[in-house]
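Sharing a structure here in structure tokens format.
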């Protein structure tokens, strides 16, 4: 098993119900991989297992050659796993620029209490430059200094993605990024994601219901149903698979 | 053996009342989301009224019971719901906690206006000849009061369990607490359901209050408020959710207390200190070790999006010119005040200025812990006390310079703060506050009594320092300057931390803890830092107060009650900004000096209804201050901050009027479905534009 | 209830020049429309156009700052939300609108016990679990432990089983697998056929337009188009984001 992220027979049970049954999945360096499945199939549970928010009942997760067992969530982030949220989770009261500056400070690890006490805790010009670069990359300059509450959901998603990218992750987990966006916003988001991914070269694991969105971004797809992996392969293969059509797509063309 | 059984029976009787209170607490929390620290105060109301009717006016038991428990108590619940908690339904857990704190402070004081200051002796139970004992076998005695208490409790708890498990109202009560709006969408009148639950809970408190009375020699508010701590432990055992476990927890604690009371060795300082402190120790241990409480988070209202977003700090929305104008105004006022105090004021005003400065320092610790870290700590007075006692001890025992001692004391406070934070932070929200509450009570009752801490009977001395040719012992004015300097340093440090990494990590954590973890912020470390920092600041303040008074006077200055008042005061005036803390401290003393020492005595001389009050100023001060906290419900940013923003907006409008044509808010009048004003960058012209 | 609907002519719900505010920001401006009984109205517009605000005004969650809300010819402006519900307006809010601490069954019980009475609960529950078998499997589980999509199903089950006079559905398809979305829309059609008036807020425009009779297009809180879907014309293409085809 080569690659960046490798989940081996991940199993998770809740009060006797098996939410994930021996799920194995891998993501290579810089690869964009999709994870789809009907509601309640265990996608979010799987994400939470990868992020260390839930403890595994079986199996293992290896990231970048390192076993993640027992590594707390915030340390996994520092190892290079970034994420976005299905219902956006932003820092209320802060501007997009603040979001990026905070993330940048975490990345470079220059925060220490004694520095704060000596007034050395403010953003340096270097940090500001990196935040500016990210704002530009995502086209967020017009909204850079507005409070996050005053921004639309679409902009919020971009801020989440930018915040994750500021920590220079090797892998980004995107949890239904198009959820709540209209067609137009979804298209903009797809475009932005494709550009940024090409430029930065990080790997992506994408959970998404918008089939169009998955197709336009993803090279390989894994399909979960009732906690088990029912299909995997290239996008074209998987969407042609009859089991997948039955469980997930329904009678759609 | 027989003695043990006797103890158990008596313990059951105590335990029943604890259980009743605990069940009431659990019920209040489950049905209104309020962790009602004022529950004991509510019980006190009925207890006092029952006593007054029964003992002072010699009314028959049924009449007194009817009035105290079946009329006054539910009425109080109705008033609390309609007047207060209804408006807090969608507020944060912190807002609810602060409001209940204010009630805890205010209710007994209000009652004292009518009841008199002194505790009343000679209480009576709810059954005739309550002291009569039965003697079923051997040396075992059971009084009629004990039996009545145990029976009533069991009946009430069974009735409640049935109501909650099987009735539609029970289901509705549980639903309303989670989301009143969603319940309304199901066609249920949420207001009526919440009123019903408040009336019911208040009735329980009243019942417990009357049942409690015969257990004490006298009816006094302190008995009740302290007793609630035991009930809180029982409620915590039940993780604030299970009524039967709360019952078992209450009974268990009652029995345990009686048994320990009998079998703990007497004589040693430790034992005599621990005995009265058992409830606090129990609460602390339950909170720290109960696995069910760990990492609990409040459930969010799924329809919270209907509420408008919280307003931004006034200082962040005003223009640069206005900021400078405000600063200049502040400096001018400060200088004028300083000029007056230094050259014209009496000794009393000088004393007020010094105390206000010192209190500002202590209040800044609340700015750090509540304003920055978003946690409510109820033991900031304790940290101040630790700072004060350590300074005095170091100065007296080792002849250390008090200023050096102050720094060491601050470091010690920080260390204790960090040690307390490590286990406490695993608890979320209100449980963290309760742990700090238990710690404060524990320190007050056990630690502060030791010679090497509080100094025993006679407090340890702390001389004023001498620096070079300035002798601060001679001149209070010089000491004021020293205090101002320290305040300046602390304020600047707080500002530095707020704008630095720690402050911004804490901002992020307040915004979204999961998101903060997702980018690698270590929540525990940031919070422990803030706890330690706040403890250190409070320690400095406590040390200053000790030096000013030349002795560590723990009881008048640092008991938990002080801490409660401080938190209520700072949070309701504005905990987010540094100037908020300073204004709160200054306001408190000016209020005391002007209103209480001038206006109230005049009123007392000219208007009559004050005759019952032993000490009108003190009582009234506490009532008025805590009533101020109720504005917190409407203005969670603090009433000062709210008024600042309002007046700033008015001024800004005046300034804007020349340039723009009436764009009302600087935030921009966009359309907001989930509060949007800016669309996607590339979304130039949406559909159909 | 006691209202007297005068045949077909009285709109079941009417907004008259409604302004609604959201904190310091204004959300919708002078919105007027009427919903005829038995018809299906789709509220369209980009994110932030004010669709959800209108849905909330229609169910009494948000009180307009000016203007009137009429239900079957009766002024109900400013009344509490539960009165709207008792008049027969059922609102499925966007997002996971469930009571996380209550079990799946209790969540449904809360609504059904009021609308159907104690005796009717059983039948209503069966209906809900037929609609979403997944929920039936998890009836004793607390709703907070359900996955995001399952929580959507639960909040939908509550409203789809009711036979309200007006059903307001906000972002029905959000977070649901395509196969479930189709099922939900089939149910909506059944409800409409049974005589319920529908107000749909939908991001996936083609779903909404497939069932809607009328449409309202909102732009920045104001009504830009109001009329039959068939006359939407070239506006339709733009609303659909230049992609009139299906999702997949």
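Note that the chains are named A, B and C in the order they appear, and that numbering of residues resets to 1 at the start of each chain.
What we mean here is this: contacts are C-beta pairs under 8 Å (C-beta built on N, C-alpha and C of every residue); 3 or more make two chains touch, one makes a residue touch a chain.
Owing to the predicted nature of the structure, the values given are computational and were not obtained by experimental measurement.
A.B. asks: Whose Cα centre is nearest the centre of all Cα atoms in view?
C.D. replies: So the chain sitting closest to the middle is B.
A.B. asks: Comparing A-C against A-B, which pair counts more contacting C-beta pairs?
C.D. replies: More C-beta contacts join the chains of A-B.
A.B. asks: Measuring centre to centre with CA averages, how many angstrom lie between chain B and chain C?
C.D. replies: 43
A.B. asks: Between chain A and chain B, what is the separation of their C-alpha centroids in Å?
C.D. replies: Roughly 41 Å, centre to centre.
A.B. asks: Please report how many Å separate the Cα centroid of chain A from that of chain C, as a whole number.
C.D. replies: Comparing mean C-alpha positions, chain C is 31 Å from chain A.
A.B. asks: For chain C, give me the residues that contact two or more of the other chains.
C.D. replies: Answer for chain C, listing residues that touch two or more other chains: 25, 46-48, 95, 241.
A.B. asks: Can you pull out the residues of chain A that are in contact with at least two other chains?
C.D. replies: 150, 152-154, 184-185
A.B. asks: Can you list the residues of chain B that touch 2 or more other chains?
C.D. replies: 309, 667, 670, 672, 674-677, 679, 683, 686-687
A.B. asks: Once bound in the complex, which stretches of chain A touch chain C?
C.D. replies: 14, 37-45, 86-87, 150, 152-154, 176, 179-185, 187, 209-212, 247-253
A.B. asks: Quick check on the complex: what are the chain B residues that touch chain C?
C.D. replies: Per the stated touch rule, the residues are 168, 171-172, 174-175, 178-179, 181-191, 299, 302-303, 305-309, 311, 665, 667, 669-677, 679, 683, 686-689.
A.B. asks: Which positions of chain A touch chain B when the two form their complex?
C.D. replies: 51, 73-75, 77-78, 82-83, 85, 89-94, 98, 101-103, 105-107, 110-113, 115-122, 138-143, 146-147, 149-155, 158, 160, 163-164, 166-167, 184-185, 188-189, 191
A.B. asks: Quick check: in the complex, which residue numbers of chain C touch chain B?
C.D. replies: Those in contact with chain B are residues 22-28, 44-53, 56, 59-62, 80-82, 85-86, 90-91, 93, 95-102, 106, 109-111, 113-115, 118, 144, 158, 217, 219-221, 224-225, 235, 238-239, 241.
A.B. asks: If we count contacts the way the header does, which residues on chain C are in touch with chain A in the complex?
C.D. replies: Listed in rising order, the residues are 25, 46-48, 94-95, 134, 145-150, 152-153, 171, 174-180, 182-183, 203, 205, 240-243, 246-248.
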